[in-house]
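Alright, structures below, take your time with them.
Shared between the two complexes below is chain A, which has chain B as its partner in the first and chain C in the second.
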Partner chain A sequence: MEKLIEYLSYPFVRYALVVGVLIALCSSLLGVTLVLKRFSFIGDGLSHVAFGAMSIAAVLGVTNNTLIVLPVTIVCAILLLKTGQNTKIKGDAAIAMISVGALAFGYLLMNLFSASSNLSGDVCSTLFGSTSILTLKTEDVWLSAVLAVMVVLFFIFFYHKIFDVTFDETFAKTVGTKVDMYNVIIAVIVAVVIVLSMNLVGSLLISALIIFPALSAMRLFHSFRSVTVCSAVLSVICAVVGILISITAGTPVGATIVAVDAVVFVVCYTVGCITGGKIV
Partner chain B sequence: MPYITGNHLAIGYDGKEVLEDINFEVNKGDYLCVVGENGAGKSTLMKTILGLLNPIKGELIWGDGLENNEIGYLPQQTIVQRDFPATVKEIVLSGCQGRMGWRPFYSKEEKALAMENMERMHLQSLAKRSFRELSGGQQQRVLLARALCATRKLLLLDEPVAGLDMIVTAEMYALIKELNDDGVTIIMISHDITTAINYADHILHIGKKCFYGSKDDYVNSVLGQKFLMYSERKEEENEWKN
Partner chain C sequence: MRKAIRFLAVLVFVIVLSACQSEKIAKEDNVTSDEISTQQENQVEKQVPEQSEQSEQLEQPEQSTDVDLTTLSSTMVYSEVYNMVMTPEDYIGKTVKMEGTFAVYENEENGKKYFACLISDATACCSQGIEFVLQGDAKYPEDYPKEGDNITVEGIFGTYDEEGTEYCQLENATLE
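After this line comes the complex of A and B, so read on.
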């Protein structure tokens, strides 16, 4: 406990906590609609796209690689979410295709052109998250704070519209809701959150941040509102606990958070089975 | 002037024509049943009326003060909805989404409207229940209440009794008839011609040959008699199988 208090006096630890909580909050909010729209794997797919874009940026020697990674990821997110329903290649297959494709090209590029001597180390840290969350600067904290506030505001103001386009797109279209527009906005937010959270958990584990809290909440609650709120709360708690454990025990940050999320899911599942999921 | 007039309408998707030269009218207070074999183009016609597809040729004319987003649509259920965490109240209220515009929350009037329609569909006691726990018939009533929140004028029902057992099916038809008697115009897509004839006052038969007219004319027409006999035979076959 004393050790923990001592660690918390370091600014970088506080930054890590703040950013971790914000990213967990954003991804869990998005997770509810993505899981319900059967797009659970979009996090995984897009994070691989971001990985591919990152290696292009590294090869080109661009210093601020967000400039390349973000637009590429946004374009892919829009393509996947917009055309997921009615195209010749169905949603899950399209995600799988883009995901493995981007991963392969990214690794290939890094292998062929990388100037770094520690290639597998580089790849490993992009995929599984590095210690970069512990080396955040004040600007990074502000950036994620602004983005998180925007995502939360979007969710509050468009809560009902998000419900409408998630529950029944066709009905929403017939009463004049601009379904395509909302889908594009959701896609853009997903892309932004994913690129952001690559700093935290790395690209492979982003899916976990999106899926676990939503699924845990769905075991316990039966209304859309409660599921959304519960998912956000669970995700934030898991992120705080995960980061604290990883700091004190010296475990990798991303993997620890996901492990905590998984444990919470098992607990929620059990509770859900016992209560029969009767809590509204 | 009718609510909707189909004038030499040709429908299809991706530029491919499925069906052409459809003529029909939907007047205020009508109960129109759209029948036809599987694959005849019933869903395509429905999507065209809803504005999800554009007509390939011909035109759909809206009249009598009906705007084309004033159709209450009862869709067939999707896989997504089977395990969706939402309460009955949340779903019925979402029928008011078209009235909101950019306003982020529902107003008192909209909430009152949702309550009223829940009562109309006998759902008050289920308001806080989860949609995924309900029986098929209850779920259809929830979606019907949602459609009623969207409009008072015209309902478009896509196979409203699909997957329901006989008793619930009869209840559902009675409920729809009750709405029609209250002045709600009904367009119902169905492959169940026998009930169509019991309840509807107009029939639109689509297929290789199309027919539009009153129920009595349809029953006396060659096409109608053929289709009725065909359906009866099919029903008997099904009964044999069971």
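After this line comes the complex of A and C, so read on.
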């Protein structure tokens, strides 16, 4: 405990906890919608796109790679979420195609043009998060905080529209909801959350941050609002516990957070089986 | 639901505000220590040999370890070393103690050797190191451990410029 208190005196640990909580909150809010819309794997696909974009930024020598990563990821998110169901290449195939394509091109670019002397380290750090969350600069913290607040505010103000679009797009269109516009906004927010989450758990583990809290909450609750609130609470708790375990035990941050998420899912699944999933 | 949403909104704002506060505190801390060290340097420069009383007042306290990396977990060590390399100005003049793997690098052009203490991150795919210069006239390889050996090194953190690039190193270092 003394060790933990000592670690908390380091500014970068406090930054990590703040950003971790905000990212976990955002990803869990969107996770419920994405899981219900059958887009659980989009986080994985978009994170690979972000990796590809990050490689381009590295090769071009752009200092603030968010300037390239964010727009590219947003465009791909819109393409996947908005047109994925109406094209010849259907949703899951489109995600898989973009995912592996971006990953391959990203690694290829870094291999061919990167000036870094530690290529494998850079790739590993981007894919698995490594200690990225503990090496945030002040401006990264501010950017994460602003984007996270925007995501949460959007979710609060447009909760009912998101609910409509999530469950029945046809009905939502009938009652005058601008479904296409909301799908685009959700796609943009998904992209923002993905780019933010890369700092926390890395490209390969982002899906876990989106899926696990939502699935855990669904084992216990059945209404949309209960699942959303429970998902947010579980996600935040898992992120904090994961970061604290990671810094005290010296384990990789991203993998530890996801492991905690997985354990919580098993617990929720067991509780759900015992109670029949009828807590609320 | 509205209560829950309000609670979430309040939670987010509290977290953001606390983040700002932490940053402010951290910045104030840095500024304060920087100011103190700058004032001390200025005062030392202005010292006159006759003013023995003043010089006694300005004497630095006994050297102790300011940043002891040997007591931290591997994740914390890696993060702290990363910060030391990225923002060296915050650590200049501090006594740093670290444990890691001994490594030797050679400049092929002039044959100059550089000695470093390397540490790996938790995923073991990345490693970072800090160069050190042993105090006295240490000669390689007699006075140094074997490459790859685990070492504990303590020295004063500083930076130097070589061919236009700024490098970090532990000066007056000792090996344990």
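By definition in this document, the second predicted complex is superposed on the first by the 280 of 280 C-alpha atoms of A that agree within 3 Å, B and C clash if a C-alpha of one lies under 4 Å from a C-alpha of the other, contacts with A are read in each partner's own complex, and residues count from 1 in each chain.
Note that contacts are C-beta pairs under 8 Å (C-beta built on N, C-alpha and C of every residue); 3 or more make two chains touch, one makes a residue touch a chain.
What you see is a predicted model; the values in this text were computed from it and never measured.
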| task | Identify whether chain B and chain C fit side by side or clash on chain A in the overlaid structures. | result | fit
| In the superposed arrangement, does A:37 touch chain B (first), chain C (second), both or neither? | first
| After superposition on the shared chain, which partner residues are touched by A:174: those of chain B (first), chain C (second), both, or neither? | first
| Taking C-alpha centres, what angle do chain B and chain C open up at chain A, rounded to the nearest 10 degrees? | 170
| message | With both structures fitted on chain A, tell me whether chain B or chain C touches more of chain A's residues. | response | C
| task | Check the residue A:159 against both partner chains and state whether it touches chain B (first), chain C (second), both, or neither. | result | both
| request: Scan A:225 for contacts with chain B and chain C and give back first, second, both or neither. | output: both
| said: Considering the aligned complexes, could you tell me the closest Cα pair distance between chain B and chain C in angstrom? | reply: 9
| request: Touching chain B in one complex and chain C in the other: list those residues of chain A. | output: 156, 159, 225
| chain A-facing residues of chain C, complex | 1, 4-5, 8-9, 11-13, 15-16, 18-19, 22-23, 26, 72-76, 78-80, 82-83, 86, 121-123, 125-127
| task | Sort out for me which residues of chain B touch chain A in the complex. | result | 50-52, 69, 71, 73, 75, 78-81, 84-87, 90-91, 94-95, 97-98, 100, 104-106, 128-130, 132-133, 146-147, 150
| In their shared complex, at which residues does chain A touch chain B? | 36-38, 156-161, 163-164, 166-168, 170-177, 218, 221-227, 280
| Where on chain A does chain C make contact in their complex? | 7, 10-15, 18-19, 21-22, 25, 118, 120-121, 124-125, 128, 130-131, 134-135, 137-138, 141, 145, 148-149, 152-153, 156, 159, 225, 229, 232, 246-253, 255
